[in-house]
Structure formats: structure tokens, C-alpha cells
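Next up: the structures, one after another.
You will see subunit A twice below: alongside subunit B first, and alongside subunit C after that.
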Partner chain A sequence: MSRPVHVVRDRIDSFPTDEVGGFPVRPGRPFPFGATLVPGGVNFSLFSSAADALSLVLFRLGEREPFAELPFPESCRIGGVWAMTVFGLDYEHVEYGYRVQGPAQPRIGDRFDPSRVLTDPHARALSGRKVWATPPQPDDPFPHRARLTFDDFDWEGDTPVRCTHGDLVIYELHVRGYTRHPASDVTHPGTYAGLVEKIPYLKDLGVNCVELMPVFEFDEFDNDRVNPISGDRLMNYWGYSTLGFFAPKAGYAATGRYGMQRDEFKNLVKELHRAGIAVVLDVVFNHTAEGNENGPTIHFRGLDNRTYYMLTADGQYYNFSGTGNTLNCNHPIVRDYILSCLRYWASEYHVDGFRFDLAAILDRGEDGTPLKSPPLVEALSYDPLLRDCILIAEAWDAGGLYQVGTFPDYQRWSEWNGRYRDVLRRFLKGDPGTVGELATRQVGSPDLYRHRGAHASINFVTCHDGFTLADLVSYNDKHNEENGEDNRDGTDDNSSWNCGAEGPSDDPQVRSLRLRQMKNAMALLLTSQGIPMICAGDEVARTQRGNNNAYCHDGPLNWFDWSLLDENQELFRFVRACLAFRAEHPQLRSSEHPCGEDRDDVGLPDVSWHGAEAWQPDWSAENRLLAVMRSSAGPNGPDHIYLAANAHWEPQDLSLPELPGECRWHRFADTSAAAPADVSQPGAEPILADQHQITIGPRSLLILVGRPLPAPDPTALRSIR
Partner chain B sequence: MKLRTRTVGTVAVISLSGELDGRSTLDGDQVLDLIPRQGRALLDFTDVSYLNSRSLRILLLVYRHAQASGSQVALVGLSERLRSVLLAVGFLSFFVVAADVATGVALLTNSPEASATA
Partner chain C sequence: MTFTADLCHEDRTAVLTLTGDLDTPSAQVFQDQMQRAINGQPDRLVLDLTALRHLTSAAVRVLVVARQKLADEVPIILVGAQTGVERTIRLIGIDRSLVFSDARPGDR
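Right, the complex of A and B next:
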């Protein structure tokens, strides 16, 4: 290209053929849907199965009333697709929507409403919430307008992170909450750009994948409640209520006010990739922000209600999501919509994978019945553009469908392993009858994923939904009073234990036990087979003051307080060492479940179970001690790991299994020891003086590594002689 | 948008001024015409408080074209707002940036690349 700003008009279809509403137009191209910049104009394309008429409504940037409304001529319709190219638009300063006419017969599901201007469901950028928490215009009849966008970006050769899924360590975070706190010390707090500044921290910690809570455009004001204690308005802070499935959240961009959120998000992805960190998006396809019959008409409801939503025979909304409506995921049109959306994010934004919120809904047919072979899940599994993307299901929904271990996986999907979370929590608090199941979870849940491999299991102790790790060991009960629902919201099934005092405590014993319990949880998580997921901030004991459903708080309750990094350096150091340990031991990241045989010819079976006595596990209900030994051929020779977890309140003496050959036990971690002896750097673990016996402290974890003694230094030998 | 040019030493200093956050857009052709091939140029934004997103893209294109034709280009006089936007979207690292014209001229004149092309 010799010059940058040519308008190429060397195609015979780049000239108008008609005039509508004073604008030159021509019949458009039906694909792609949405608004696409074409030579000299903009191609608008939209589908509706039952619309009678459609018009394009054009606004000047920020103006309340439209400056033009262009009815689509009949010549611009092919089947159910309306497509028109409009020339001469000042696309930097235009916002648009659609007015759709059709039958209003709610009893059979049609809810067309030509009095409203609809948002383009394929909009690649939305205005209206350009700056986070800027109050919306009162009574704005059309608050979420689509913008026209450029798709160019200088990726500088970026490619998706191509690593084995099993090597991932996922770190779940909220874009705004991660750097919004004043202690974050970034140039652009609470934004994509702010997150870029924290990449060195992520590298230092040792995670290699961020899972971003929803970044599709949503309305943070989609919450009418008030904090009964502070009187503050509550927000839709988490964002699990999508407005624009193709549009990144503008309010998370420092440049959102200038319409550059797309570039800012792409730069975030590019910089994360440059650091070797993959990007997984938490996506919400189970419902939309339109709610039930009483909710706002934003796009799908007024465009094609019967197609996009699961409806009862009398036209009411099924509510398997618990939020008022349920997206009709397995309808062919909706399936294509979701597929094209994910393809778009994978190709245009280079994201590496997706975590599907309430994914069991993706398995339901149009009447809500679970399908054995859901077409959407199958299509996603085999899609060529998504081939390298990790697909993660939250394999349950609010309608009671629980599919952990049974989600239709097509050998492609991983699942948030809720059973891992539950048993690990119960074991840690000392519940009886948990040792057997913990053993199964520790080796990648072969009972659930025998044919899929351990990587199907996303292991976690905490996530955004529920207690933080610090709160898990500080509260017996949820404390959601500030959510404005009299503490009724949020789960009551937390399997938490406060270690002797509810909430903050100055008691040194309580504080010490809480720290140990957090170390125990992290050590178990990061030595389990499967893909571990850490909830951001748990590595520095972030608290939400006992709130286990903090979806609505935009404030310090949810923001990552970076001063905790200094305050809780001991925990951070421990977690970082555990992540380094995981990276050093490939057998912990293997997809293959162990079988109890010496497959690598290292002198010991790949897994063996132990109790207080070596080779004698105790599976009885009252036992609270689990010891496991893992053996395989590592990159530097035989690799033996012995892990003992004691959830009992008394210490126990353990006899250690004997190692073959010249291998000796070295101590990597002992959570009962005071720092810095609680953990070592991998490769620098001190050798145990007693190779046969060791005492494990109360409610503690012990991790040993068996490796050959270093070869004698010939120089030293000469000097002895 | 208005463009004014002068020469300082061996560097062409192109000063931009005018409203670039309304309907006006940076004219890439015009700017590119003023950058000497295989020479050195400073784009001075002292009188430009903001560029709209389209202008930023054009600026990046101009910069790439200039580089491709062997020219050395630096930006000076970026307002805090403009610098902040460029930083947030990752464009800032693409450019050689100097605080003022004198520094920019010195930077271009003394850079190894500049010496190589001089």
C-alpha cells in the first residue's frame, strides 16, 4: 500500500444503487451479521425469523434523538436476513440500532415492539457504559447503542499460547477488582491497561493462565438493591448478565471513553501472551440481561424472542439460569450465534479458551430436557477455529442439572470439579469419612474422568463464587447482610471452619492455624493431578469479610488490596514455592491417571497409599490422615514424591516408605514448621536426617521428594586424601 | 488539522495543530508527503491535545510507512492525555518519543539508526 487512507472503489459493488432516507444504499451482503466496514460504506446485516419490517436507526455520537431512520427495502431481504450497505456515514461518530416490526403475541412467544430501538446482538462495541459507574441518562430510551469499529490491530506476530492444557495453572480474576484498589499502584486502575502492569507479578507468582470474569459488555447498574448498612447503591459488579456478546466491556478500559476498548483489550492479550500467559474468558451463554417478562427489551426479545429463548407452551420464560430467562442454546440459530461469537473472540482477540458459566444449560433442548448429544456442545468441540482452545464447563445449572463427571465432553471439555472442591474443604476442616474420596481427587478423579484423563478436572478450592480462601478458614457462616437480602442469598453449604473464632481475630493461635490451613489447601491443590485454579488474591489471604456472594460490591470488599502482599508475604512465598514445585514435577501434570504399577521402571509403583505405617493406608471413616507416594521417571531421573496430609488435631508419627537405590527423602514442605522452614525452593530441599520416621504436626501437610544423593565432588575427595 | 514544517539541523520538524477529536481526522497522505525518504522527521503534537481513534490508527500507519521507506521518525509534545491513551492501548511502545523538539532532534541525530542512514 502506498498511502494509508485510500477509499478503494475498484469494485462494481462499491457504489450505491438506491437512496433511502437521504442516504445512498445498495442491497448488502448477508454475511457476516452485524455492521462491517466495506469500501465507502457500512454493511448492516441482521436476522429475524418472523420480523415484518426492519429499519436502521442512526444516531450521532451521544445525541439522544436519532438523525436518520432507514427502512430496509424489500430488495435488501434474503430469507430472514436483512442486509443493506449504507454509504457516506461518518462512522467514527455514528451509533446505531434497529427498529423491528412483527407480531406482538406473547402467548405464543412473539414480543416484537417497534416502539423500541434494539441493540445489534452482533455489535462489536457498545456505548452507554463507556466509563464505569458513570450514571446513565435518566429515561434514556436507547442506552446501549452499537458503535462501528475497525478490526485492525498490530499484533506484532502474536499467536495464542500453545501449551499443553495440563501445564496450565489458572488464575481467576476480575479485571476491575484486580487493580482498582489504591494500593495497586498502577497508572490506569481497574482497567485492562492496569492489568498489563501486573503481568510481572503473575510471572513471579508462577501462574500461566488468567481466567477473566465476564468481559463481554454488561450494565453495572443492572441492580436495584441498596446496601442496607452503608446506604450505597449496589451494582452488577461481577457482570454475569451480558448485553453485548461481541463487545468487550468498555468500562474496563482506560480508553473506553474514546471508544478504544477493543485495542486496549487486544493489547492486554498481546502482553499476556508475550509473558507466556494464556487468556481464558468466562462466558455467559445461559441467559442474557433481558431477564423475564418484566425485564427490559434490549435485543433478542424484540428481535426474535421465540428463537433465542426457551419458552413454555404459553410463551413464558424457562428459568434454568435462576436469572429470569434461559438462552435457547441448542436452537440452530442460537447455536450458530454462540459459535460465531466464540470464533470471533478466538480469532479477533486471540483468546486461548473459554469457561462456560452454568454450562449444563448448553445441554438442554428447547423444552429444557437434557440432551445426550447436544448439538451446540458437539459443534464447539469440533470447530476448526476453536481446536486449540481450552473449553471448560461449569457443569451444573440453577435448574438442578448437575453434570460433574458426565458433561458431554467429546474428549474436548474440562469441568470445574465441584466434587474436588467439596471434599477438599471437608477434609481440611476435619470431617470424618473424607480420606478415601480425597485420595481419588488427588490423582485426577479417575472415577469421574477415567476415559477423559486427568486434565478434564479443573481442581479448585475457591472461586469468585463463595468464600475466599482466607474466609474459608475464618468464618463458619456466610455474612451477606450488605447484599440487601437479609443474608438469604449465597449458599449455606460452604464446608468452612473458622478455626476457633468467627471473623477477624487477634488470637495468635487462631491466626496461626488459619495460615496453616491456607497453606494446607494450597499445597493439596497444587500437588493434585488435574488443572489447578487459584482465585486471585487467595495467595495473599484476601478477605471479603465473610461475604460469599459478593457479586454486587464495587469497593474494597471486592478489590484486591495489594498491601496484603507485604502483610502476608509468608503465604505468598509458600504458594509461589508450591507453583514452582508443580512445574518441576511433570507427573503432577500428567493427563494419565496412575494405575498402581511401576510403569516407568523406577522401582516403585506410580501411586501407592500409606498411613501412619508405610504401605498401610487407613480408609476408615474416623481416620483423618492420608499419605500418598507418587513415582515416575522425571526429566532428571527417578522422581518420587511423598505427601502426607493430617487433618487430625493431634500430631502423628509416620513411618516412611523406603526409597530404591541411592535415593533419599528430602523435605519440600512442612506446614507445621515456622517460616522459612515451612517450604523450600524446588531442588534445594534439605535431606531428612531420619529416613525412616517423621512426625507430622496437627492439621498439617508434609511433602517430601526422593532423589539420588548428589555425586561426590571429586575435588573434595582429592583434598580428603 | 494544520501542518507546519521547518528544518532543524538535518531533521524535518512537522508541527500539527487543530481539532482532531471532532470530525477532523489526521490526513496520513499529507503527513507522509512531508517526511523525507530515508531522512529524519519529528512529528510535533504540542498543539494537539487529543487524537480520535481513527487518527491514532493513521498515525501508526504513517509511522510504519516511514520506517519502511527508511525514514527515522520520532514524536514530541504528546499531551498527558494523548500519552495516556497511547500507553493504555499499547501504541506508545511502537514510537520513539521525546519530550520536546530539541530532545527529539538530538535523539534522531545521535541514534545509531540515524547515523547509519545519515
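Right, the complex of A and C next:
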């Protein structure tokens, strides 16, 4: 029999004790920072190490002038934290900011400016850019106001995807660009909701993790340049310039105009998880949207400049990010800020991991010196809430720190393997002296990650930053004229090759070679040990017309043109089959680097290297042929894979290594063959007529699988009798 | 437009008729009426939204909470939802636990 339970409805601290600016208030709770809805009111909490005074500035939704400004009484301050609960606010129709007074002494790093209303760095939703590219009000002094929101959501039992990191296939995409093109055929183009409609496509392709380019609130108008060819205003399209670290981008939500972007983003995560797809966020903690000394004062600069930014002795900004400022990541306050932010996204939004932009900056001390044991990286590595999250470092920065293979990993971190990308590109275009390194990259880069395992390597050929795969095989040089910088921006180190003609070509030979080169790249990527990452659209040959730094274009140049799916069905089919092949062969996903021994007792070493002659690899600089055989115990018996990659412009005859027992070679892929013979469905590969010799085409790739012949069909035997 | 929420019972069906704009201040009225409907332990709960012009996140939250309080076998049927109202509910993904209908049960 149940007993009556006393339910506490009224709490002692749910009643005001004072009045400020006509509003009932009481001293607030210092934690959590930010604005939190509490019974009857809103708790506002903010930290500043050196502020003299603080006031809360309240606006009615969409109005330029505040309707109230509430100074924090001294009784609302504990140490450097100001906390006040304000009662009676209509939370759906109020926006807020802070006015902070303190010393303005730039030479020692203080840049307090009480003429500015500051954005709350902990704001969970920001207004001002609710609908993508809606022109901002001119001269609006404070466009990025914080909004008040509930955190609750009906997750329907959702949990993060519990997937072994090695099984991941990452697919990097831009939320808006993925469905904004008219050919996307979704109900709400360019939004989180639009992406939900493309989940069946992702499943069909075979990826199981999306890496979303920045979804933290940013200002798409944070770009003053003009496209010199079209005359259009350029934008901050990619979003690598964060305004609100706790707030999802409202302009990516069909419901952003109603302030429901948080719910819509959570629904996206829930639906992706329901489909077995993990969500990794590309996060930018190396700099902020405030820029250098001439940039706008948005939040940190006017709140606590010398805490949040790395400063020189005379108060100037270090610029290791290449964007004007550098977040002071290893300061204890900033470290806690970043940690709490990531905890928030992992717990509140159920995201499964993070990719850190220019992560080498996370290793730098307050004066920019790289630290051997950076406190922030260590804290992220051991954080209880982040334990199951995949942590990925872009292990370099714009200050020249390159840490691929040496990023402090604490046995937790993976890295974008820039060396994998570079050598694979150079091999494909036929550069000499690449076979040896390609071999190392193919088996998970043991030279870089011997003690960390192959999963430390995020393998990729292309990403958002640089050429698309189609452009990698269509352009020798970048073509960034539309970026408005006279083609000076973007890297000149692309290791690309146009296959005989610069840009679009009607030449059948050129087109055929480009298609083959794209297949070669995808087949190498998806059979390499490590975690593969595909740049969205590469599976259908998406082009950016040779622009390798398309950060500023909100248009067809960047949008995923879904008509390419029909146009380039052959490539799509090939990539999908390679993904299925990877899923069928656990040894390709193993964390353990091969050692050259027969560890699984399958009759062959786990890795062996070959050339035109079996067991005779050629590591000389002028050789452009690599053949590798992988052998292990698979779920259905011995699993043998033979991969030959010929970057030479002529075909070559190969002798094949002999398989043990009753195993026979079957052909999975041959990129020199015309479709549909270019690739088979895993498990349905045709047997090779000649088990000893095979010819590999020029600039082609061959993948064979060795497995026992199927047992004779007893029914067939009876009929023969 | 002023929000109203009128509750009536038809046999074991609770019918809540909403009109106007459902924003934060009116969400409390909506919540109170929903609680009354739930307290009646209906076999089904019908929300007549024909004359509801707009709803905000506060109202959506009342819907979600009601769904969690009612037994699984008790459907919440949304009747006559205008395009904008239905779209909002679908975009944030709570439509799966609700039933959309053009007419009240028994009217067809």
C-alpha cells in the first residue's frame, strides 16, 4: 500500500527578497553559469575576474532598446561570480545581455567597455540570426542577444550510439549545404529537419557517423568581401567563427524563427541515432568571432579579456589561429569553460564525439608555448561524461605547430591524419617515391601510432578544406577568384592532377580517367586500416569548380547538387560497394597493426607485400605499384584480401600469391573494368579463371578476396546423376 | 488573439478545444486544462486545434508532458491542426507519439 508523499512545491528560494529596477529579485545561485529557468524566475550567473560592476540588460523580443536594466547588488556577488534570480519574466519574449564595468587598460589586457551590451558566453540560444541570411538591421548595436530556454526534451529513450570507434565511417557534411540545393527535394531545405529527410540516403550509402561542420551559433554575415565576378556579398558560410558555444545555429533550423532550434537539433540527433548513425560535432575552440584589436566586442573581450585570450606582454592578441585571436585554452577558467561546454553537448544533445579545429592550439600555454601535458587535453581525456565520446584532433594550427602523430593523446584521441591524405594524393597522381609510405599508411600508420593503435588515424583524401575529390582529379591549380582575394587564399599544396585538361572536359578519355582515379582513391581509403572519413558529395563527384577554399559561398558552388546522384550513379554504386566490403572484413577495421606473422593460424601472415612478382615488393623510388595481402580469421573462416594499386600509366602483369587449402581468389573490384564489372557485391565476387596471373590496368586498382570454394550443391549433384 | 481552452467529456473521450494564440502566458491555462483532462482518466484525449493559430515551445512541452502522463494505450488525437501548427510539431519530432486527424472521432 502506497503512503502519502509530501511533494515540495514551494521552495524557500523561490520567493523574491529584494527589488531591482522594478523587478522582484533575490541573490541567485552561482552554478550553473548562464541563465537557468527556476521556479518562478530565471537565475542569471556570470563570471568575471576583474569586473567592478555588472548589470542585466533586458529586451523585449526583437526590440532594439532595452526595457529594463538591473544592476547586480553587491549581495549577488560571491568572489568573481555574479548571480541573481529575477522573477516574473516572460521567458519566451525576453532577450538579455550584460553591461560590465571594469578597467579599460588595453596595455595590460583589460578591455572592459560599458558602452557595449555583452552576449552571455553561456547562452543556450541566441537571437539575431534566427533565419539564415536575413539581412541584419543596420547599426544594431547588439544583434546577438541571448534567449531563455528550457532544456527538456522527449528523447524517447535515446542513447548515444554505442559503436566501436574502429567501425565508424565518418561522413563530413555542412548542415545547410547538404539539403539547400533545389534538387535535394526535401520539405525544409538547408535545415536540421532537411537533414533528417536524408537519413535513408546515408543508410543506403553505408556510413554510420556524420561529422557536422560547425553548428554552434555564428554570424553568417561575418565577412566584408564581395564576389568580384558576381558582385554578390560573400558570407561566413562554413561557420568557423563561433559566437555562442552553447547555442545551436538557429539559422539551420526551420523552427529558428520560433526559437525552437534546440528541439529541432535534438530531434535530428535522435533520428540519426535511431538509424544507427553517430553524431560528431566540428568544434572551434581555437579562436572566437571577436577577432583582433580591431574586432567587435561581443562577449569575452568585454567580460574578461586577459583570461580568455592569449595576450602578448603589451596586451596584443597572439594569432595562432590565423583569424586574429587565440583562445587561452589552458587557463583554468577557459579550460573549465570548454569542458563544461562539451559536457553540455554530450549530455544535453546526446552527441557522440567532437572534432577539434586547429587542435594544436589546445596544447599551447598562455604564452603560446606547446605544453607536454596540456591540462585541457588531459581534462577532456579523463572526463567522466565524455568517456565514450570520440575525440578527434586536427593536430596542427596556423602558428606552424604540426602534431600529426605526436598530439598528446592520453590513449583517447584520434587525429586527422594529414600525412595519409598527402601521400595518397601523391601516389594517385603518379609521383615517384610514394609506395613505401603508402604501404605504411594503408595498415594504419604504425610509424605514427604504434602505441595508440590504428584507430588513432582518421584517414581521409579530402575534407571541407581543400579540393573536393572530383576537383582533385580535375584541376592542377586552385581557382579561388570568386573569393575576392585575387586567388591568393587557399593552399597551393594540393597534390592534385587534372588528368589532362584543366576543369570541365568533354574528352571521353579524360572523363574516364577521372572517374577511375576517384574510384582508386575511394577504394584505397575504404580498405585502409584506421577510421575513414568521406567528404559529403565525393561519392557522387561533387565539384566546387576548382575552388579549394569555399568558406564564403552560400550557393550552388557549395550546395550538394542531388542531381549528381543520377548523373554519377556508377561512382556512387562503387563507393557503396566499397563501404559494404569494409563492413564485411573486420581485419580492415582492427585497431591492431599487422605484424607480418600468421597470428590467426590461417596459413599466411597478417600482412605481406608484393610487386609484379608475388612476395617481391619493389620499394624503389620509380616504382608505382603496391600490392598488399591481408590475412586473418574472419567470422566465416579465413579471410584473405589482396589489393594491388598501380599508379603507373601502363598496365602490369601480376603474379598472385598462392592461397592455402581450398581457398581461391575472387575479384571484388577492378577499377579498369567497365561498370558493372568494376565492382561486385561483397560475398558475390566472381572467381578468377586464372588463379596465378592477373593484369592490372594503367592507373588502376584491383581488390581480390580469397575464400574457400562453396560446397557442392547436393541437389545439383543428384540431377547430374 | 485571446487564447481559450474548453474542456468537455463525451463518454470516455476528453475533448479540449483550443482557440487563439498559445504562447507562454496562456500555456499555464493549457497545462491546467490538460491536467484536468488527464485526471478524468479518459480512454482517449482529443485536442480540437481547428481555431488554434499558433503555439510556442511552452505549449509543445505541455503536449509532451501529457503524453508521458497518459497510459500508452490512450491516444492523443490532434484534430484540424492548421499547417503552421502541424509543421512545428512535426519539425521537432514529437509527432510520432500523437495522432493527427482531420475530423473528430465519430464525426466522419
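Here, the second predicted complex is superposed on the first by the 712 of 721 C-alpha atoms of A that agree within 3 Å, B and C clash if a C-alpha of one lies under 4 Å from a C-alpha of the other, contacts with A are read in each partner's own complex, and residues count from 1 in each chain.
Quick note on the criterion: a contact is a pair of C-beta atoms (placed from the backbone, for glycine too) under 8 Å apart; a residue touches a chain by one contact, two chains touch by 3 or more.
Bear in mind the structure is a predicted one, so any value in this text is a computation, not a measurement.
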Clash or fit, subunit B versus subunit C on superposed subunit A: clash
Touching partner for A:613 - first (subunit B), second (subunit C), both, neither: neither
Which of subunit B and subunit C A:264 touches, first, second, both or neither: both
Which of subunit B and subunit C A:13 touches, first, second, both or neither: neither
Partner chain in contact with A:92 - subunit B first, subunit C second, else both or neither: both
Partner chain in contact with A:185 - subunit B first, subunit C second, else both or neither: neither
Partner chain in contact with A:204 - subunit B first, subunit C second, else both or neither: neither
Subunit B versus subunit C as contact partner of A:151, first or second or both or neither: neither
Touching partner for A:63 - first (subunit B), second (subunit C), both, neither: neither
Subunit A positions touched by subunit B in one structure and by subunit C in the second: 90, 92-93, 150, 152, 154, 188, 193, 196, 253-255, 258-260, 263-264, 266-267, 270-271
Residues of subunit A touching subunit C in the complex: 90-93, 149-150, 152, 154, 156, 188, 193, 196, 253-255, 258-260, 263-264, 266-267, 270-271
Residue ranges of subunit A in contact with subunit B within the complex: 1, 3-5, 90, 92-93, 150, 152, 154, 187-188, 191-193, 196, 253-255, 258-260, 263-264, 266-267, 270-271
In the complex with subunit A, residue positions of subunit B that touch it: 23, 25, 27-29, 32, 50, 52-54, 56-58, 60-62, 65, 84-85, 87-91, 94
Interfacial residue positions of subunit C with respect to subunit A in the complex: 23-25, 56-58, 60-61, 64, 67-68, 87-88, 91-94, 96-97
